[in-house]
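What follows is a set of structures for review.
Consider the two complexes below, in which subunit A is the common component and subunit B and subunit C are the respective partners.
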Partner chain A sequence: MGNSLLRAGRVLAALMIFAVLIAACGGDSSDDEEPTATSEPEAAAATATESEPEPTEAEETITLRLGVSMTPAELETFEAGLEDIRSRHPNWDIQLEQTPQDGVVEKTNTQIASGDLPDVVHVQGLFAQPWIRQGAFASLADYTSDPEFNVDDFYDAALGQFQWEDALYGVPNIVAPDLLFLNLDMFEAAGVEPPAADWTMDDLETLAYELTLDSDGRNANDPDFDPDSVVQWGLSVTPNNIWTRHYLLPFGADPCANDDCTDLQFSSPEVQEALTFWADLAQAGVAPYDPYTGNQTGVPGEGFQAGIAAMGINGFFLVGVLNATGELNYDVAEFPTGPAGVKASPLSTNGWAIAETSEQKDAAWELIEELTSEEFLTQHWAEPGHGVPARESVAPEVLQEEAAPANQQAILDTLEYAEVFVPSAAGAFEVFGRTSDIFVAMMRGDTPIADGTEEIDSIGDEVFGASQ
Partner chain B sequence: MSGIQLRGVSRRLGSWPGRILVYTMLLALAALFLLPFYWMLATALKPQQLVYSFPPDWLAGDLTLANFREGWTALPFGRFFINTAYVTMLTVAGTVLSSSLVGFGLARYGGRLANLLFVTVLLTMMVPPAATLIPRFVIFSRLGWTNSYLPIVLPYWFGVPFFIFLFRQFFRAIPQEYFDAAELDGASPLDLYFRVAVPLSRPAFVAAALFSTLIAWNDFLDPLVYLSTLDKFTIQLGLSSFRGQFIAELHLMMPMALLAMLPVLLLVALGQRWIARGLAPDLEK
Partner chain C sequence: MLFSLPWILGFVLLHAGPMLMAFALSFTDWVFASTPEWRGGAHYRTLISDELFWTALRNSAYYAGVTVPLGVLIALGLALLLNRDWPGMGMFRTIFFMPALVSGVSIAMVWGWLFNPRFGAVNSALDKIGLDGPGWLGDPRWAMPVLISLGLWSIGGTMLIYLAGLQSIPQELYDAAKLDGAGRWAATRHVTLPMISSVTFFLLVVGMISALQLFTPAYVLTDGGPENATLTLPLYIYQNAFAFQKFGYGATITVVLIMLTMAITLAQLALARRWVFYAGLGAR
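This part shows the complex of A and B:
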């Protein structure tokens, strides 16, 4: 009996010790000792704050949660800018909340469902619409109408990504068009000139044939060319998913039957004809039908970056990567003009939104104004690899004459007509997932384009019909 | 017939050509499985500009430790290691203590209710953790526990179905006579647990501790959802932070991933014999 009590006492004591340890798990992070690696900027911030005017008693401290998803390099640049903002607003307690990129959707969905979204959140454009339509973000209509903010200075396409029923729910901070990347060494080795500014889809096709090499060094115009042993692709990609409108628009073909592209029309005769152009390139062996998985090319990811394609279609971010590694001698070009007399490029964009549940909306908006000011965008976003500032007035700041590529003007010129990826409404990722294999099969020639596009439209109808 | 065939196979493998063939195949398979680890090591030691080179530079000449230094300081990885060790320690303690107590109760005190409870516990294993993510987050958020380790650690102090199952099966394999003898000496239920069940079930405890260490050390989803500031991050969140929207800083991610692997690799190497014994109770031997 006595032993039992003793044992029970020990168990209770052990539980109490662990309860104390567990209690130490909780509490406000601000009470904890800061990690050494972050202590320097924080110490600097503390010093900076000391020299700034302290908030008066009348100025109540406002806590603003700021949600971001950034790499360490991006965070370093961003935090420096944040310190400037903190010094201008000593009554703001800005709490930076970082989410790893791999978990952005899961975490944001959880926070939205529980009403715990940070006051200001950095949103990737492609994810924005479903959350806007769920009512996760506050309408910014009253704020953006302020002439001083000058909403007209932002690229229209980027604003459109955050628009829903005539109201704006986010303000873009960066934009990034896709560009045509050119491996200048491969051009030189093939004895062909890089494309002129007014090049066409026919020129693209001609170059793709001349620049593709098989394992015996024959280009695709050689009658003995072996398309099954390609070691150098003329072009790195072909249309491989639903977000490939920019491949089709130059041919006068639009896969979207409505504004937000929730009504797909890939099976229209125009789109089928445009897809046939790309499928012909893939089946001739000058561009891979399966560009990203590595199953066909032997390299995971896009082939230009890996140095196995003479021309590549990729985002502006690649400029930063290529310049950092310095491995490729490259330039960029605008997309070629198609038979319809137009060129097209997709546009990625990110922006800031205010949580509908925020109790500090006015202060949150002031923070967004700071984060999208010309000064902030110039100092902290105008670097290759980050993105182009979303304000047209400061976008040219991204150009760096001393660095590659030589034709940087193509970046700004592309922004004039680039359009955001559509569809981006709820269900878009499901349609993307269910149709990507169909695109590969069509490009490879396994599935007739008429059948494949019918199936894609049908999946679109099913998913978007159910989710809208 | 099958016995004769097996003996034939055994004889063939026993000869030196057979052994060479088997070992060659095993070495080839081992090399295949080790290839990703080699790539990780090679990437960790390569200068950044060689990370994306194709064909891959498997035996890079310019080896450097700069990536380790840069990765360690790009984010507070020292803090991440301490945080992860702390979370893992509490998770393992909670898992082993609570699951073994529940398993002991279900094993020794049978009856319909206990069986029903056991089946209910097993049924909860069928619910994917993602399905309960939002309700759990709502509860912990209302309690004000977000950005703390409480939501990550505390659930483990209320029993983990898999380990309850493991302990129950192990405790059931202990001969009833041991418990009867102890009860004759006046042992209480807690005495039976501490003096009979625990000493005879060390392999199960070690196996449970090892498995829960692996789970806690490598957990991504719970820390992702509940932790928001870098000073609270665990290693897995830190590693994932090297991947951006458009680019991945692989030259920094790989050296840190290598360091993150070492403790668990060491643990598994030291405790692998306990894992097998813990999962296959065989007290008769």
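This part shows the complex of A and C:
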């Protein structure tokens, strides 16, 4: 027994020595002589700080974790802006944490659960309310009341997504209305003029038919058109979830029975009629009923961006993506007016929040001030075309004459009537998750719209009723 | 004791601890940033009337009920075919094992494209012989069979374990059977199958546990759709806990899944006494 323990002790000691040796041989990355061992941002930071004042001994280094979820194009320009901030605050050690957009809700939930949320997080306005009400974010009331910050400069709708009980829990940095994106090459090839400013839903339908092509090059108006062999779609999407209110409002149909849309009325006759318009397009084969899986189009993701749809309904962020790749000859238009004589568009917002668990709230707020400054919003969001600044004073900076799209005024015009996505209350994601399939089935014609909408309302009642 | 400490620590910290935590949380409402609130047995009562839970349970049972026995049968068949001293047999063994080395997400992506209704190789092949292929992953009737086919494609590990089992059967037993006049089928039935029954038992237990945990392909390919046809219990747990922020309810389903798995495993253990043969010990 004694020998066994002795042997075990020796083995453990040998393992520990081995581990220490391995660690020692690994060295500190800061000691590496190879310049390639340093990432680009780190190298840039090093260069920047060389010419900037070093932090004095009294200035303690403050580590700030910054959580974001951005497209590669957004991240590129954002990192450049972050370097400027680092150079102005040499005592800040800003650690950027990027989460792929597909998993951002799940990751944020997990970080909140484990008390590991970054000090400053970039949050989509649509997701913010449940987290705010759970106490995940710190109240910013004391900070935003500072007149120098000028909170009145922000779009009210965008602020609303981060507000609860008279306090702000986040500061919006960008807003992005949805627009109709037009593939000009496809329009030209079909001999069709892009829509005029006063176009209607009927025009949209006509264009969708004219611009849809099957594998033999016939458009959807041709009697021999084969909807099962579409190679070019007229329109890239149809309503496929609860957040498609803007597809319905132009028809005088509102799926929300109350302000925060926790009382759904998809089964109202008006909404059913509006959904029928879109389902007819899907079943005629001119717009996919299941736009993102690639099952119909053969291309995963949104069809316009993939170059297989002549018109696409997308957020403004796509301008930055398309301009960065330069692969599509495109323009944008406002949403068409519906039979009810109104236009509608959703307004996506993003904003910065401070984790309630952060121990660096003052520094985190200073970072937010930097990230929402007029200069930062102009240079790193508006000019590259990633988003319209949430500050009204610099929103027009998004208009870049030398860059596409040509009809940039449509962006600011849409902001006049765009409304934020609802519902965004607790339970919205459960309703979304449990009803998306029903939308697809209704668009495909597998489920009658009357039955599908009844079920959606019923799920809404169940979930929102419980969560209230 | 000292040498088993790493395992004990790992089990307590990574398995038993979370299981106990899930059990405790199943009696609470927990929305992450706040303190869990005691709800007693409310989630268990909700579960009984939750249609989606029963759908997920049926789907998990469907997947496990088909994949496990079919997988074991196919793996045994392959192992019997490959358990020969023929030239090139090593290459075939490698080929059949290779799919087991590919990560679940990668295989799922490949499967998604193979079964793409309009552009996939499967429907293209069916089209060539004049058949109109279904919508596969977009069709509630076919989505689960596609996931089952994906599960069956990765049976290389099971086949390998069977091969090891087959090669451990003493040749003398076959020689004795031959002397008694046994043909190939009789030798397989009375020598091979009993001698590898312990392997079969192990594979059925492990396979059932693994099948009840089906998550990756259902998450990657269909996210539980279409019309909840591929919503499995682990996926439903994930959705409730991490997407719908109903961690307490997710924990409740987790507890039920653990109990269900334990019950099935115990039943398998009880039934094993009737048919599993351990060399030197007889049936146990």
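To be clear about the criterion, the second predicted complex is superposed on the first by the 313 of 468 C-alpha atoms of A that agree within 3 Å, B and C clash if a C-alpha of one lies under 4 Å from a C-alpha of the other, contacts with A are read in each partner's own complex, and residues count from 1 in each chain.
The criterion applied here is as follows: a contact is a pair of C-beta atoms (placed from the backbone, for glycine too) under 8 Å apart; a residue touches a chain by one contact, two chains touch by 3 or more.
Here the structure is a predicted model, which is why all the values come from computation and not from measurement.
Shared-chain residue A:Thr378: touches no atom of subunit B or subunit C.
By the document's definition of touching, neither partner reaches A:Ser87: not subunit B, not subunit C.
By the touch criterion stated above, A:Gln163 is placed in contact with neither subunit B nor subunit C.
Looking at the shared chain after the overlay, A:Ala113 reaches both subunit B and subunit C. After overlaying the two complexes on the shared chain, residue contacts for A:Arg434 are found with subunit C alone; subunit B is out of touch. In the superposition on chain A, A:Asn295 makes contact with subunit C only, while subunit B stays out of contact range.
Shared-chain residue A:Asn329: touches no atom of subunit B or subunit C.
In the superposition on chain A, the residues of subunit A contacting both subunit B and subunit C are 8, 106, 109-110, 113.
Here subunit B touches subunit A in the complex through residues 48-49, 51-54, 72-79, 86-87, 90, 93-94, 97, 130, 133-134, 137-138, 141, 145-150, 152-154, 157, 186-188, 190-191, 194, 220-221, 224-225, 228-233, 237, 240-247, 249, 252, going by the rule given at the top. The residues of subunit A lying in touch with subunit B in their complex are 1, 3-4, 7-8, 11, 14, 18, 21-22, 25-27, 29, 32, 34-38, 67, 69-74, 95-103, 106-107, 109-111, 113-116, 124, 176, 299, 305-308, 315, 317, 320-321, 324-327, 348, 350, 385. For subunit A in complex with subunit C, the residues that touch the partner chain are 5, 8, 105-106, 109-110, 112-113, 130-131, 134-136, 228, 290, 293-296, 298, 356, 426-427, 429-430, 433-434, 436-437, 440-441. Every residue of subunit C that touches subunit A in the complex is listed here, in rising order: 2-3, 30-34, 52, 112, 116-119, 135, 137-138, 225-228, 238-239, 242-247.
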